[in-house]
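Shared between the two complexes below is chain A, which has chain B as its partner in the first and chain C in the second.
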Partner chain A sequence: MLSLKLAFRNLIGAGLRTWLNVSVLSVAFVVMVFYNGMLDGWNRQAHDDTINWEVGGGQLWHPLYDPFDLLGLQEAHGVIENQAKKLIGQKQITPVLVTQGSIFPHGRMQNILLKGVQPEQEIIGLPTSNLVSHAGQEIPAMIGKRMALFTNLKKGDNVLVRWRDKNGTFDAREFNIVEIFNSNVPTVDNGQIYLPLNTLQEMTGMIDEATLFVAATNYTGGNFDEWQFKSPKYLLKEIDEIIKSKKAGSAVIYILLLSIALLAIFDTQVLSIFRRQREIGTYIAMGMTRSQVVRIFTVEGAAHSLLALGLAAIYGTPLLYLLQKNGIPISQTFDSLGVSIASKIIPVYAFAMIVLSILLVVVSATIVSYFPARKIARMKPTDALKGKIQ
Partner chain B sequence: MTMKISIAIVLVFLLMAKAFGQDGTEILEKIDKNMSSTNRIFESSMTIHGKRNSRTITSRSWSEGVKKSFSEYLSPASEKGTKMLKLANQLWIYSPSSDRIIQISGHLLRQSVMGSDLSYEDMMDDRNLTEIYSAEITGKEVVEGCKTLILLLKAKVENVAYQSQKMWIDEERMIPLRQELYSKSGQLLKRMELSDVEKIQGRWFPKTILFKDLLKEGNGTEFKMTNIKFDQQIPETIFTKAALKQ
Partner chain C sequence: MENSAIIKLTNLYKRYTVGNGEFIALKNINLSFGKGEFAGLVGPSGSGKTTLLNIIGSLDIPSDGTAEVMGQSVSALTAKQSAWLRNYHIGFIFQTYNLLPVYNVFENVEFALLLQKMSATDRRKSVMETLEWVGLTDKAKSKPSQLSGGECQRVAIARAMVKRPSIVLADEPSANLDSANSHHIVQTMKKLNQELNTTFIFATHDEKVMQHLDRIIRLKDGEVEQ
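Take a look at the complex of A and B:
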C-alpha cells in the first residue's frame, strides 16, 4: 500500500513526463479495444448474415458437389428420396438445385449459376416468396443488388438465359427479374440467378432432384442417404480465417502504439533510477530491503498503466459507446472482395477481450518497469546515499 | 366435286411429305459423304472478331476419318507450338509454355476454344448427321445466288447439343451454305455461313465457315481452310500422345 501511495505521489510529481507516457499508453489501450471490438462485431455480423442468407443450420451436399468446381456441377445432383421429402415437409431442410448457365445482358455474355429454390421456404432469408407471385410468360427470376449492378438489370427487366439440360442439350429462354434483393452476403449474390425449384428441374430435366439441402437452425440430424452434412462451423471456416488474418494485421497497429508507450516508460524508469540514487540510498538507510525498493520503483512504473486505464476510461468509454451506437461506416470496396460485410459495423466489446487488453497493458508496463529497477539491487547503499554515480 | 378436290389435295400433300421425308435423309447422307473423307491435311486460320478487335490464330491439321485429328498452332507467338490431339472422344492439349500435356475432358469440353465462338465439344462431335438427326425439307430459297433446299433437322438422340438445326443445302453441290442451330425451346443460338466452295479432288468443299454466337455481341469467328488435301498418306505416329511433345 505504501509503495502504491509513493508511486502515485512520485508520478504526479513528475508532471508532464508522466502524462505524456500515460496518454500514449491510453491511446494504445483504446485502439486495442476498438480494433478488437470492430473485428468481433464484423465477425458476429458476418456469421449471423451468412447463417441467415446462405448456410442456415448447415447444408447437406450431394457427394459430387464441390462449390469450387463449377464444371462438375452437371453431375452433382441426386433424387430427393422419401426421407428428404419427409424433412422438407417438416421444414427441417429445403432443397436447392444448382446448374451452370450464361446470361446475355445487353449482348455481353456472363457465366452464372442458376439456383432453383423453393418459393415457400423459410429457412434462409432470401425473399423467395416473390418467385410465386409472377404470372407472365417468362421465367420469374430473382437476383441480388451486386448482380443487378454488374449486369445493369432492373426489376421488371427481361434477360436471355442459356443453359444445358441433363443431356447437354442447349436451351434458352427469357427470364423476368421479379425481385432484386439486398444482402450483405456476396456469396449468395455475385453471378447467381434464383428461380423456382420446379421450373429449374423442368428446364434441366432433373425432375425431383437437388444439388444440396439447406438445413434449419434447429436441424439435429446428420448425413442421410447419400447426402453429406456440412456443419455451419465448416461452412463458415472461410469467414473465420479472414477475420483471423485481419486480427493479426490490426494487431500490428496497436502493438506499435503499445511499444512506443512501453519504451517511454522504460526510459522514464532508467532516468528515475539514475537521478534518484540519493532517494534509493535513503530508503535502504531507513531499513528497507533492496527488494522492497525494487518493488517501489516497479510499482511506480506499473502505475503508469493504471493511470492510462483511468484516462482511457474517461475519453474512451464515451467514444467507444458512440461508435457502438452509430456503427462504423465501411467502404464498399470491401464488398467487392467477396467478404460478407454490412455497410456499417457495430463493434462488440466483449468482457473477456477488455479484461485481456487491461492485463496486457498492466503486465507489459510492469515488466518494462521491473527490468531497469533490478539495477537497484546491485547498488551500494553508502554510495547511493552520497549520490555517487554507479 | 369439292370432296374429290379435297381428297386430291390431301393425297398430294401426303405424297409430298413422304417424298420430302425420304429426300431429307438422303440429302443428309449426301452431305455426310461430301464433308467427310478418309483423311485430310489442311492449314487454317481462325479469326476471332471480338467487340473491339480481332485476332487470328493459324494452324496445321491432320485428320483421319472423324475419330482422329491432330493440330499444331503456328501463330500468334503466344499460341505457337500448342498442339491438340483428338482420339475418338478424348482430347489432349500440349502447351509449350508449361511443357505439359493436359487432357480436356468432361465439362471442360464445353469451354470456348481460345476465346472463339466454338467450343471443344463443337469440334469433337464426330457423329454423322444421319446418326443424330432426322431431316425434312421445309422449303426452297436462293442463298448467295445458289438454289438451296431448306432442311429442318430434329434430334433423334438425347445427348446432342442442339435440339434442332436448319440447313440451307446447295441443290447442285449438296453442301450446306448456311446452318442455324436452335435450342430446345426454339431459340436461335448460332449461325454458320459456309462459303468459298471449291471442288477439291472431286468433291465440293466450303473452305470458309463463319461461326456466329447470336446471343452475344461480336462479329463471330471466321474459320478459313487453305491448302486442303484429301486422302493422303498420314503416318500413324502423328495420332499419338508422343507426337504432342515433338
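Take a look at the complex of A and C:
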C-alpha cells in the first residue's frame, strides 16, 4: 500500500515524462482492445451471416460431395428417401442440388454452379420465395450482387445457361434473372445461380435427388442413410482460420505500440535509478530495506500501466462505444478474402478480452520496471547518498 | 544528561580497495557516545567523518573492530535489522538536505512515520508538532523547491526528529547555509537535544557549529587526534 502511494506521488510529481509514457501506453491499450474487438465483431458477424445464409445448423453431404472438387459434382447426388422427405416436411432440412454449368452473359462464357433450392424453404436466408412468385415464366433464377456486378446482369435480364444432364448430354436455355440478392457471404454469391429445385432436377434428369441438405439450427439428427452430417463448426473452420491469421497479423501493430510504450517506461526507469540515487540512499537511510526500495521503483513503473488504463478509460470508452454504435465501414475489396464481411463491422468488446489486455499491459509494464529496479539491490547506500554510482 | 553509552566504537577500522592498493579511511577508532550528547566529529575533508557517521548509522560496516549502536553490533545486523534500527532509532540530516522533491514539507516529514506504519491521525499530530519545533507550520504545503536553504535544512531536521530517534547523525548540516541560517539551525538542534535528550553527532568543519558543541572529536587521516 505504501509502495503504491509513494509510486503514484512520484509519478504525478514527475509531470510531463509520466504523461508521455502513460499516453503511449494508453494508445497501445485502446488499439489492442479496438483491434481485438473489431476482429471479434467480424468473427461473430461472419459466423452469424454464414450460418444464416449458407451453413444453417449444419449440412448433410452426399458421400461423394466435395465442395473443392467441381468435377466430382457429376456423381455427387443421391435420391431423397423417405426419412429425408419426412425431415423436409418437418422443416428440419432443405435439399440443395448442385451441378456445374456455364453462362454466356453478353456473349462471354463463364463457368458457374447451378444450385437448385426449394422456393418455400425457410432454413437459410436466401430470398428463395422470389423463385415461387415468378414461377411460370421461362426459368426463374436468382443471383447475388457480386455475381451481378461481375456478369453485368440486372434484374429482369435473360441469360443463356448451358448444363449437362445426368447422362452427360449438354442442353441450354435462357434463364430470367428474377432477383438479385444482397448477402455479406461471398461463398453463396460468387459464380452461382439459384433456381427452383424441381426445375434443376428436371433439367438434369436427377428427379427427386439432392447433393446436400442444409439443416435447421435446431436439427439434432446427425447422419442418416448415406448422408453425412457436417457440423457448423466444421463448415466454419475456414472462416475461423482466416480470422485467426488476421488476428495474428494485426497483433503485430499493437505489439509494436506496446513495445514502444514499454521501451519508454524501461528507459525512464533506468534513468530514474541513476538520476535518483540520492533519493534511493535517503530512503535506505530513513529505514527502508533495499527490497522495499526495489518494490517502490517496480510499482512506480507498473503504475504507469494503471494510469494508462485510467487515461484509456477516459478517452477510449466513448471512442470505442462510438465505433460500436456506428460500426466500422469496410471496403468491399475485403470480399477477395472469400470470407463473409459486412459493409460495416460492429466491434464486440468481450469482457475476457478486455481483462486479458489489461493483464498484458500491467504485467509487461511491471516486468520492464522490475529489471532496472533490481540494480538498486546492488547499490551501496553510502555511494547512492553521494550520487557516485555510474 | 545520562551518560550510558548508546554508541560504542572499539578498535574500529575501515579500509577500501583502491585499484591494487588499499585506502584506510578509519584507523583504530575507540569512542563512545552517551545518551543526550551533543558532539561533533571535526576535521578536514577526507579525515573519515562521514565514513564514521555511516558506520554509526549502520549504512556501512567496519572492516575491523566493532561498532555497537543501541547495544547491537552493526556488523552482525541483517539488512532488515539495520533498516529497523535506522527506522526507529536513527535520524539523518544531510548537507544537501536530501528532501524528496515531489513531496511537500508535510509529506517529507510524514514519510519517516509512514515507514513505521503509524496511524494517519497520529502521523498528522506528530508532523505538525515537529514542524512547530522548527518553525515551519506555515510552510507545511510548500514544495522543497519553494523553500530557502535554511528552511530546507529545518525540514530535514524535522524529518529526522519526527520519529523521536535516540540518535541524530548530521553530516555537514550547515555547509550550504549562510552564517545566520547556520546559527539558527544549530540552535534548533541544541534546543531539541536539550528538550528530548536526543544524542546528536555532527560531522563538521564549520567553526560556528563547533562553538555550540559540548564535545569535539578531532579526526585527521582517519585517526582520532589526542
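Before moving on, here are some points about what is shown:
Definition applied: the second predicted complex is superposed on the first by the 385 of 390 C-alpha atoms of A that agree within 3 Å, B and C clash if a C-alpha of one lies under 4 Å from a C-alpha of the other, contacts with A are read in each partner's own complex, and residues count from 1 in each chain.
One rule holds in what follows: a contact is a pair of C-beta atoms (placed from the backbone, for glycine too) under 8 Å apart; a residue touches a chain by one contact, two chains touch by 3 or more.
All figures in this text were calculated on a predicted structure; none of them were measured in a lab.
On the superposed chain A, the two partners chain B and chain C both fit, without a clash. Of the two partner chains, chain B is the only one that A:71 touches; chain C does not reach it. Shared-chain residue A:279: touches chain C; no touch with chain B.
Rounded in steps of 10, the angle chain B-chain A-chain C defined by Cα centres in the superposition reads 150°.
Of the two partner chains placed by superposition, only chain C is touched by A:12; chain B is not.
Contacts of A:176 after superposition: neither chain B nor chain C is touched.
Of the two partner chains placed by the overlay, only chain B lies in contact with A:107; chain C stays clear of it. Residue contacts after overlaying the shared chain place A:198 against neither chain B nor chain C. Following the chain A superposition, chain B and chain C show a smallest Cα-Cα distance of 75 angstrom. In the complex of the two chains, the chain A residues touching chain B come out as 71-74, 102, 104, 107-109, 160, 162, 164-165, 167-173.
Residues 106-108, 110, 121, 155, 158-163, 181, 183-185, 187, 189, 213, 215-217 of chain B are the ones touching chain A in the complex. Note for the complex: chain A touches chain C at residues 2, 5, 9-10, 12-14, 278-279, 281-282, 284-290, 292, 380-382, 385.
Looking at the complex, you find that chain C touches chain A at residues 51, 54, 57, 59-60, 79-80, 83-84, 86-88, 92, 94, 96, 98, 100-103, 107, 111-112, 114-117, 159.
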